[in-house]
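Scroll down for the structure; my scribbles are underneath it.
Each chain gets a letter, A, B, C, D and E, in the order it is written, and its residues are counted from 1.
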Amino acid sequence: MITHYGALLLYVVVAFVVAFMVANSSERMGPKAPGGLKGTTYESGIVPEAPVKYFSVRFYRVAMFFMIFDVAVMSLYPWATSLKTLHQAGMLKALAFLVIVAVAFMYVWNRGGFQWD
Amino acid sequence: MPLNDVVGLGAVLFAIGAVGVLVRKNPLIMFMAAEMMWNAAALVFVAYARSFHAMNGQVMAFIIIGTAAAEVGIGLAIIVSVFHHRHRLDIDEVSELKG
Amino acid sequence: MIWLSVLFLVIKIVLLIAILMGGFAYTMLLERRLLGFFQLRLGPNRVGPGGMLQPVADGLKMMLKEDLMPAGADPMVYRLAPVISLFAALCVDAVIPFGAPIHLFGLTVNLDIANPSIGLLIIFAFSSIGVYGLVLGGWASQNKYSLLGGIRASAQVISYELAMGLSVMGVLMMAGTANMEGIVLYQKHHGWLWLPQIIAFLIYFITAIAETNRTPFDLPEAESELVAGYHTEYSGMRFASYVVAEYINMITVSGVAVTLFFGGWLGPWLPPIIWFFIKVAIFLFVFIWIRATLPRFRYDKLMNFGWKVLLPAALIYFLGTAAFVSGLI
Amino acid sequence: MFLVWLLAVPLLGAIAALVAPDRAAKGIAAITSVLTLLGYAGLLFISRASINWAWIPKWGIRFHLVADGLSLFLLGLSAVMFVVAVLASNKEAGRTYYFWVLVLAFSTFGLFAAVDLFVFYVFWEVLLIPVFFLLTGWSGEKGRKAAMKWLVMNLVGSFFMLVGVVALAVIHNQNGGGFTFEIAQLSHMSMASGVASWLFFAFLVAFAIKAPLWPLHGWMPETYRESESPVTAIISGVLSKAGIYGILRVMIPIFMPQFHQYQMWLLIVATIGLLYGAFMALRQTDMKMVTAYGSLSHMAMMALGIFSLTQAGLLGTTFYMVAHGLMVGGLFLVLGLLEKRTGTRSMAELAGLNRSAPRLAAYFLFFVLGTLGLPGLPGFAGEYMIIQGLIISHVVFAVIAGFVLIVAAWYMLRVFQGVMQGPVRTSGIKDLFTGQVVWLVPLAGLVILLGVWPAGITSHAVPSLYHAMHVALGKGGVR
Amino acid sequence: MSYALWPEYSVIIGIFITMFSVMAFKARSIQAYWVALTTIVASGLITVVDWGSPGFPASLYAHGLSVDAFSLVVNGLVLLAAGGALLIGWNDRRYGPDFPVLVLLAMLGMMVLGMANNFIVLFIGIELLSLPLYILAASHGPGPSGEAGLKYLLLGAFSSGILLFGLALLYGSSGTMVFTQLDPSHMIFPLAAGGLALTVVGLTFKLGIVPFHMWIPDVYEGSPTPVTSYMAFGTKVGAAAILMRFLFFGFSLDTGWWGPALGYLAVLTMVVGNLLALAQKDLKRLLAYSGIANAGYLLVGIAAHNMFGARALLFYLLPYGLAVLAAFAVIYMVAGERESLTVNDLSGLYRRSPWLAGFLAVAMLSMAGIPLTGGFVGKFYLIQAALFANQPGLAIGLVVGAMVGLAAYVRPLQRAFSAPSGEVDTQPIRWPLAGAIVLVVAVVGTIGLGVYPAPVVHIVNHSAAFYWLR
């Protein structure tokens, strides 16, 4: 038998090939007529001056909070799947963890971490 | 997969990460390289845990991942705050402190 | 036997990709027609009977368009970004069971590509890759709108991902497994989970809309602000790939919702696989219905909603479920 | 209890001086030092005062101080010199000056009384700090350099000694004797000769730097040149004796075999120092430096007395330390007064001062004669005993030492002649005030007392020395 | 129910309350400082109570934590470090309202390090200690402080990576994660040796041992002064404690594997650290190099690998920490609005504030190892340990290092005490009450340790008894 992961690997490879072929098909099949202003980026009809490289720090902030809380959430998955066999003791131990996460969440909220603008 | 191959892969990743930290100048890349070292260690832990049929190595890997996330959060914050007004990422330009 | 199972696998892979592509095509058609009806107009009905061949025409048109690339773009990343998006969308469906296992030639065949014990995690893993397609495409275009669209997309997706992750955890706890088939089987014996997990389901549904960048959360491609967001500069099939990815994602999240909360393939009288597609279709209809009904969020409201409403709500409901499951209350 | 008094009074006085206003500081310091001297006087009536408290019991460290024949007179020297130095100090020097002087007094008393090696080391190193600040705070950039040199060189020595101290205790423990730093107990143990040699030189370097003995005298010229004359008097009169005292107190009981082993080298080096100091003194034009190098030569003389490893030599050194301390201290103080009046120390610029300042000239002459070893003054008795010891061990060195005595007379009298006699070069030099005579007279009296009655010290010192030598006897002994 | 972990529990509760008070009083965060201080005091009291309570040493969580006299002493030192840092930076708006929270968090990490008996706990402790410190280092804006944080972060992540890989190899070669169950004689040799080497390198990175010290001067110079004091004291306590536990528990039977190597490193560190300190103009940099040198002294205790080494190390941490606290408190006060202070800025400090000058003198002299200060007794103990271990080289190295270092420490003192030449700042210096408390405690403690160290020696001797548990 093929293991689940072997099957998954095969599918992933096939999916990538398919996606690649689909996305690049017009490169082969479409006409080629470069020139003019086609190469410039669209900026509501104005000739763009310089490409932007920087954007608001708020996006970074979101990324950081996601990073931290997502790992907290992900680390609950194994616990959640086996919670039935862990009973109340397991619940209480995880509760300690969750309280810490919750306090951290409240702290970030209160200090304006989630404030957009 | 044979244990030795996995550990060898871990060692290679570790070496790449270490060289990356030492050679590269961009703090983001350096940071990524350092995280790679961590993940190499996590990989080796998991590999050995499987071969020992023990859980503790897996737990360690879990904790490594979690801590790495926290470290990345802090790292991004510091890197962004330092380079926000510099507009270039090069560790050699961070030289207000001599040394 | 091994060859037989490989053969089945190959058939399943081909079938799945075909279903997804076809599903995309007709979901799109369905959306256009439905939107037409909602807005008291007809929608596309010229190509084929009732417009049934419209997707084929669209596809051909897209393929024959000129493939443009902005002068300052990073060619490698620019080419790769839509591929990533589409690839991730295709991959997520690998672990969703489309029907009850069937028996063929003495072999039990699951109607999914793979059925690992951590199915749910695999779904999250692949769906997280999708956002790279958006943000890299936005960055590689060297366009201000694209960049902002890509960044917005990633910020939005990760903001809602947390609540989504927490919302499905109730199901996980009640079923006691992360295996998709196991979850369905649990519902077979203990009833569908949408009722005990009603809040979690609502949260999941909202976040699912946001994850797929659908209205009212389609800020990354908000045409009133960002022209077309991250795919402003894309044309031809590259542009189409993004659209395909979006619709396949819709199908996927519907499938996941069906599997987790509505008993997957379970249902009376009809064959399981039909039940599954009926349920998915209902979800797709709701998606379109919402698009036709609701206006777009403002960006700050969207972020606040994700972090300050959905996440705490999901956390609290999750805690309640955990307390219940563990027997604490 | 008088020992406690000796330690506590300067410390309390120091704190009092620190918190008192600037103008009261000198008064407090003077009272404190006189009180200390009175406490010391009490010590003279007790046969063998000692205190012995547990300090860090886990390491076998005891706060053990003894005033025996070796230390008693050095304590006395210190007590006297501190009174004199405080009285001779500038009134405007400020409270921290007197604070540091009194802290210095405290640590000096502790050092001279300690018989526990740890305690000895503690005081040994603590006394560097006040001197450092006394050098730093009251002179300019040059003074800072001198202070640095003083501190670094002395610390190099004392850190070597630290290793030696700990190593002795550790070896004692490994021999099964438990942890102790008591010199009397450490002297009974046996050591591998290689280790013992290393430790011997570690201690020797420390003591030689402090004395200073050639070739480790590097800090001396600058320090003497840059320091205030009371500070110079204390350094040369009291602190330099600590080096010689350390050799007597610590090394003689513990390292007797090594002394025998390296005796010839030690004698040669000390003799070179003797000659070097004398000839350097001849070349100087600065009066203070003449005295300084002369003092270097005298320190070498004391070292020779010890290295002769004879009873006479050791006894002579013990006596000569006290005598030399009083005399050279007095000489530096008189030189200080002279400098204050004339504004220079260069011999070339001064002549014929005995006309305008006869009393000053008289005291100057008195101390000069004392240092060059005039019979009847104590220097003579000390040098006599040392040379006697040298004759017993190696007569060659006795001859050289005798020769150097002549050179000493030459350079000291050259100073006196040049400065005090001859045609008057600068007029209007004031003579001594009564206030200054107040402390010069007792000092001179004390010197004369020692000169005519050296047995006052030697008879007391002999039993203690015998004790040290008795211990040493088992390890080669002294003749 | 074991009460052994109550010092740590109380800190966790304290962290929560501190966070809540930051949340409640956003604009004025003085309440958070008070809560944090109360937490530290309470934890200290519980530690003291724990000391007398029965049931020690306790081994909890499947040998993950080992609560014994050693860990309690480490607790005490860590609490002192945290309290000092908190008081020096008391209510300073520049460092933001999170300052007390982060100080407590890092403190918790250090406390965990003191108890660790397991790779997992070791790693958690190290990271719990490091992560808040990264933020603290960068907490004063993106300028030098941000750079310090960045450098600390990068090097910290790098060293943690090395440490982790070393631990992974050790785990692979031994099959256990518990220090006390490591049995070098049954390990696969090359793997175990490599793992041990990498682990020790990782830990010495944290401790700041030459040649892994290059991050320390920059980080110390750029960080806010209270944070620098915290790093110099607290981090060293934690790193030294865990290094000693790890080696003494896990590899006490095979000292040949690591003893000589650490000995050479110790000598190198002491000499190089002090030599480089000589050339420094910035006072915080000077203290950074002194911190490196002091790490070398600490390593002597470990390299001596006998019970005297353990005791001496534990003892030395206290006078070193007190001197660090006093020195940085003075720097903080004299620097005022600035964050750094050069040696020349000290000119005439004696005229401006004689007390500050005096306190600085005590701190510096203690670091230099002048008798009647705690630093001397500590060095004395270390020399004793080295000689007991029959390693005179270590003792000589320590002495040489101390000699070189003395010149470095005395230079600023000379500046402070000599009459100022030319233009100097004559503004009187403001004395914040909290900082003054730190100063007085540190200085009195330093002198007290020097004059009568017997009680502390007693405690230390008792607490290093863990060495025989193995």
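Some observations on this one:
In the analysis below, a residue touches a chain if its C-beta (ideal position, glycine included) is under 8 Å from a C-beta of that chain, and two chains touch if they have at least 3 such contacts.
Keep in mind that what you see is a predicted model, and the values were worked out from it rather than measured.
Looking at chain C and chain D, no chain is in contact with each of them. With contact taken as defined at the outset, there is no chain that touches chain A as well as chain C. Connectivity note: excluding chain C, the chains that remain are still joined by touching into one piece. Innermost chain of the displayed assembly, by C-alpha centre distance to the whole-protein C-alpha centre, is E.
Per-pair counts of C-beta contacts peak for the chains A-C. Using mean Cα coordinates as chain centres, the one most removed from chain C is D. Centroids of chain A and chain E (each the mean of its C-alpha atoms) stand 40 Å apart. Chain A and chain D have CA centres that are 80 Å apart. With each centre defined as the average position of its C-alpha atoms, the distance from chain B to chain C rounds to 32 Å.
With centres taken as mean Cα positions, chain B sits 20 Å from chain A.
The residues of chain A that reach two or more other chains are 63, 65, 70, listed in rising order. In chain C, there is no position where the chain touches two or more neighbouring chains simultaneously.
Contacts between chains, counted with the stated touch criterion, involve the pairs A-B, A-C, A-E, B-E, D-E. Note for the complex: chain A touches chain C at residues 1-2, 4-5, 7-8, 10-12, 14-16, 18-20, 22-27, 29-33, 38-44, 48, 51-52, 55, 59, 62-63, 65-66, 69-70, 73-74, 76-77, 80-88, 90-92, 94, 98, 102, 105, 109, 114-117. Taken together, the chain D residues at the contact with chain E in this complex read 54-59, 96, 118, 121-126, 128-129, 132-133, 136-137, 140-141, 143-144, 147-148, 151-152, 155-156, 159-160, 162-163, 166-167, 169-170, 173. Residue ranges of chain B in contact with chain E, taken from their complex: 7, 10, 14, 17-18, 21, 27, 30-31, 34-38, 40-42, 44-45, 47-48, 52, 54, 56-57, 59-60, 63-64, 67, 70-71, 74-75, 77-79, 81-82, 84-85, 91, 94, 96-99. By the touch rule above, chain A contacts chain E in their complex via residues 103, 106-107, 110-111.
Chain E makes touch with chain A in their complex at residues 16, 19-20, 22-23, 26, 97-98.
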